[in-house]
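These are the structures, in structure tokens.
Look at the two complexes coming up: chain A is in both, with chain B in one and chain C in the other.
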Partner chain A sequence: MNNNKRSLTAHQDDFFSVVKALLVIVLLLSIAPQALAAGDAEPAAKVVNPGAELWREVRQREAPVAGTTQVAGMDSGVLINIRGEQWRTFRMQQLIPAAGALLGGVLGIIVLFHLIKRGLRLELGRSGNYLLRFKEIDRVLHWFVATIFIFLALTGLILLTGRVVLIPMVGHDVFSVIASASKEGHNLFGPLFLLGVIGLFIRFVSKNFPGKGDIGWLLKAGGMFGGKHPSAGFFNAGEKIWFWLVIFIGLTLSATGLILEFPFFGQDRLIIELSLVLHGVGAVLLVAGLFGHIYMGTAGMEASLESMTSGYVDANWARQHHDQWAEACEAEGAVIAGEELAKKQRLRGTKNRVPDRPAAEEGQ
Partner chain B sequence: MARMKFLCDAERCIECNACVTACKNENEVPWGINRRRVVTINDGSPGERSLSVACMHCSDAPCAAVCPVDCFYTTDDGVVLHDKDICIGCGYCFYACPFGAPQFPTTGAFGSRGKMDKCTFCAGGPEADNSSEERRKYGSNRLAEGKLPLCAEMCATRALLAGDGDTVSNIFRERVTWRGSSGLTWGWGVAYSKPGLRRGRGVEGKAAGKD
Partner chain C sequence: MTEFIDGPLWYFALAVFLSGVVWRMFSIFRAGSKPDLSVPRRSAAVSAVMTSLRRFVPRHEMSPRIRLQLVAGYMFHLGLFALLLFAAPHVLFLQEHLLGFGWTPMPHWAFIVTSQIAFAGLLLLWLHRVLNPVTRLISDADDHVAAVLTFVVMLTGCLALMETFTGLRVLHRFTVELLMIYFPFSRLMHAFTFIPSRAYTGAWYGRRGVDA
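Up next is the complex of A and B:
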């Protein structure tokens, strides 16, 4: 039984083999007269060596040629895996240096920006009144995804760049232990990330469709370089872009990650190599975005972290950064006086209370 | 310094899998793993060819380049070996290898990979030569005893050659010269240099002139 698996480009290959065979025949014909003149015996029939053609096919660069073998295993019938070298070159010469440059660059820009601009202050100080921004379920979800994401990013980056960064520092033996733990941890918590992304989608998608003022916000880069603060709704355009990046890249990371982790759906090397490429590129991009996100949520914007700790934001913060949302809340009468909220939280024993006095550190 | 190489003569390989079996036995390779395999192209059609493949001990080895924990090393004989104590079983070497040489025992649940295992050119691993540790992890170390890999030694048709690259290619070059290069230089008579057969078919090459 002939059960050769032929390559995807078999037709193309057949075509090229025919062309090559014709070329060889033409060549042979052109030297045939000399051969006739020289030979005293009957000239041998000139036949193309089937072996030569076979090796041309095996060595060809478009797609691997598969044969048959008694040995089971992934791609065991493939003699030469031509894509391994492409993946190696991409990973070692492009992805790893680019990851270093991008992550280092973004970090550098943020530090520089902070040194020059000192972040966005509350222009009018605190009002002492509050608006509820994120319910408990949203905050729990946010920190769940954040924890898993940072863990996966750290363990993943250790696998990607540890050879360059960590081995010179800690040596091969220690790094082997770190890398092994990273791999196991990454594989264990990876699948949970998908649940988190789905949760984020369900809870926040309704607030992240393009809306009034988004274009203006983008044109003014969120008022980052001075000028009047652009108008924004519950989420501004920057936050919406971050949301969609998290959803799309997050789903890509999850899909490719699951393909890598569970190699028993008959994935061959090509699919795995492509998954590794997408997974690596997506991870590096999203981590770069995360740097920006963390900066804007902490040092980059005064009083914004509170929305994700206590869930409440100062009314002045809301008016400054999300004027459309603040107005809507005020119209609904959803503004809560500081004393009232503090009392409520004390009674409930809430850990992350709103600050009693303006600019006070919130409790742990 | 020698530079160890394998070469499989496809005109001679008869897909008997003796090399695969010899390797498995000599190195007591873990379950489910074959360090060597024979691939047949165009099986059952005229012009079919078989080749025995294992690690080719690349000079610029892709496996060593991608390994995240950098556990490969090349011996003075040009043999590419790795350290199982450091390997984390990520599988990257397998994805990068041109010949599909690295293999993985399935250890845990969900098809997770154990530590990588591959052809060592019968040269063991980083442990002391022929120590029991070395034998347990990597199999035999014939090179240290002055012997060549058992797969090649076992090959009945002498299709699989192993040894210093220069020596191996000289043997092969000689064979090719004997066979000549016409389109009829394949098949038994040619591969095993039966001059009578060759002359009868009008085949050129040094062998055609001898008896």
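Up next is the complex of A and C:
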């Protein structure tokens, strides 16, 4: 009896196994034609990934596509802004090489000029008489702006060219520290530069309008390449051009810098990107101009630095470079004899080295 | 290096600073003055207080001549002390390492503005020092070292503002420690002596009936 039961159970198991196998075969046969048909119509390799299509759509447009989002804020609906890549390309492929070429070129020209001309010397030597050119407040203001601008130029150039110039030299880790410090310092001192530029404008604008002799001065390039030194007033045409460059580019740098430093007043990405371009280009131009200004104020023109240290210039220097101003001072009786100035400064307790006798008398 | 600056050098600088300041102040007070047997015309104590306060404002006759020093001086000193006492990292440092309690620090924007005011003031003061013939003559190396050291301390502090890099924080702390070691031996001591100095002058003159 028991043997019969076991035999029946075994037969049932076999039966169900066969049924299962048949069901699988039927299922496969029913799917196969559709699968084969689908395979014939479109190869599997050509199936487009909807994700890839989406990202291509997002990235390869000519202009950013704004979507819908609950996140409030400027451009928050834009997944990827293609202008960022445009700015990066402009910065790396155009701005940095151009900046390097301009700054290097200006430095090269200055060195070449100095090697050939050795700067502009005092043609008649020192007279031993002096004219007050810049008051103390003017000199303090000048050096205030100069100090801040040089700091901003150094930190700005580190931020602009650091990836290309510094990373190969110091590595990524050190550069990240330098870049962070430069950014903080640059942002901190930027607003002070604006105040300084406004101060320069207030103090010097009245002397920097176009005047008599400016065209002639420009045509003769300030007498740099020989010939009689062209006539000029308190500021010559070159100095006036530098003044207005400092004012206009300085104000542009300040305005764009503030837009970049405080990006939460509704300025959109386009304005920020334009500000970046203007800030970078303007800064490079001003630094190039600064090279020339520093050269002309030191090695490029004998005795000119004194005007921004002691405030006094030799009368011969004034006659040579600013004859109209020198004549006006002489007419007003504003020329101070060296002995008188030395006595005055001794009384005021200065250590200024003012020669008591003209250079010619000292056998020079 | 970081451990050395954060540890032994910090304690050394603190010890030099505290003992140096105490020694300098003690030596000044110990010097004393000759007993004044004259009949006082006015209270010396009141005059000391009045002179200490009066010197915060320049004399009317001097005002036009020292406008730059006055404005820049207040910009720098007020800015510096605001940064020292109310910058968030400083408040936290004092709370965790020295005092055990803290107070509400200034917001980030106020820190930036205060730093700019202090920097502008310090720079203007130093430029006046080197460009004015009188101040240039009476200045010596100590004045310039103190000004440069203070500037560097402020600058490294601001460069480390984001507190992202340990190196910048340690650099700031190192310059602070240098300043603390230099402080007692320099004219930076005026931070502690200016009130006693004014008070002494005010008391001395006040006793004789003179407004100093």
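Here is the rule we use: the second predicted complex is superposed on the first by the 281 of 364 C-alpha atoms of A that agree within 3 Å, B and C clash if a C-alpha of one lies under 4 Å from a C-alpha of the other, contacts with A are read in each partner's own complex, and residues count from 1 in each chain.
Basically, a contact is a pair of C-beta atoms (placed from the backbone, for glycine too) under 8 Å apart; a residue touches a chain by one contact, two chains touch by 3 or more.
Every value quoted in this text rests on a predicted model; they were computed, and no experiment measured them.
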Using the touch definition from the top, say if A:E273 reaches chain B (first), chain C (second), both or neither. first
Name the chain, either chain B or chain C, that contacts more residues of chain A. B
Once chain A of both complexes is superposed, is A:W87 in touch with chain B (first), chain C (second), both, or neither? first
Look at A:T68 in the shared chain and tell me whether it touches chain B only, chain C only, both, or neither; answer first, second, both or neither. first
Go through the superposed model and pick first if A:L159 touches only chain B, second if only chain C, both, or neither. first
Looking at A:R139, would you say it contacts chain B, chain C, both, or neither? Reply first, second, both or neither. second
Is A:E340 touching the first partner chain B, the second partner chain C, both, or neither of them? neither
Between chain B (first) and chain C (second), which, if any, makes contact with A:S176: first, second, both or neither? both
On the A-aligned overlay, A:G185 touches which partner chain: chain B = first, chain C = second, or both, or neither? second
Applying the document's definition of touch, where does A:V58 land relative to chain B and chain C: first, second, both, or neither? first
Residue by residue on chain A, keep only those touching chain B in one complex and chain C in the other, then list them. 176, 180, 187
Going by the contact rule at the top, pick out the chain B residues touching chain A in the complex. 10-11, 17, 20, 32, 34, 37-47, 49, 51, 53, 62, 65-71, 83, 85-92, 94-100, 103, 110-112, 181-186, 201-204
Complex interface listing, chain C residues touching chain A: 68, 112, 115-116, 119-120, 123-124, 127-128, 131-134, 136-138, 155, 158-162, 164-165, 167-168
In the complex, the residues of chain A that touch chain C are 136-137, 139-140, 143-144, 147-148, 176-177, 180-181, 184-185, 187-189, 191-192, 195, 309-311, 345, 348-352
If you look only at chain A, which of its residues touch chain B in the complex? 1-4, 41-51, 53-55, 57-58, 65, 67-82, 84-85, 87-88, 91-92, 159-160, 162-163, 167, 172-173, 175-176, 179-180, 183, 187, 261-264, 269, 272-273, 276
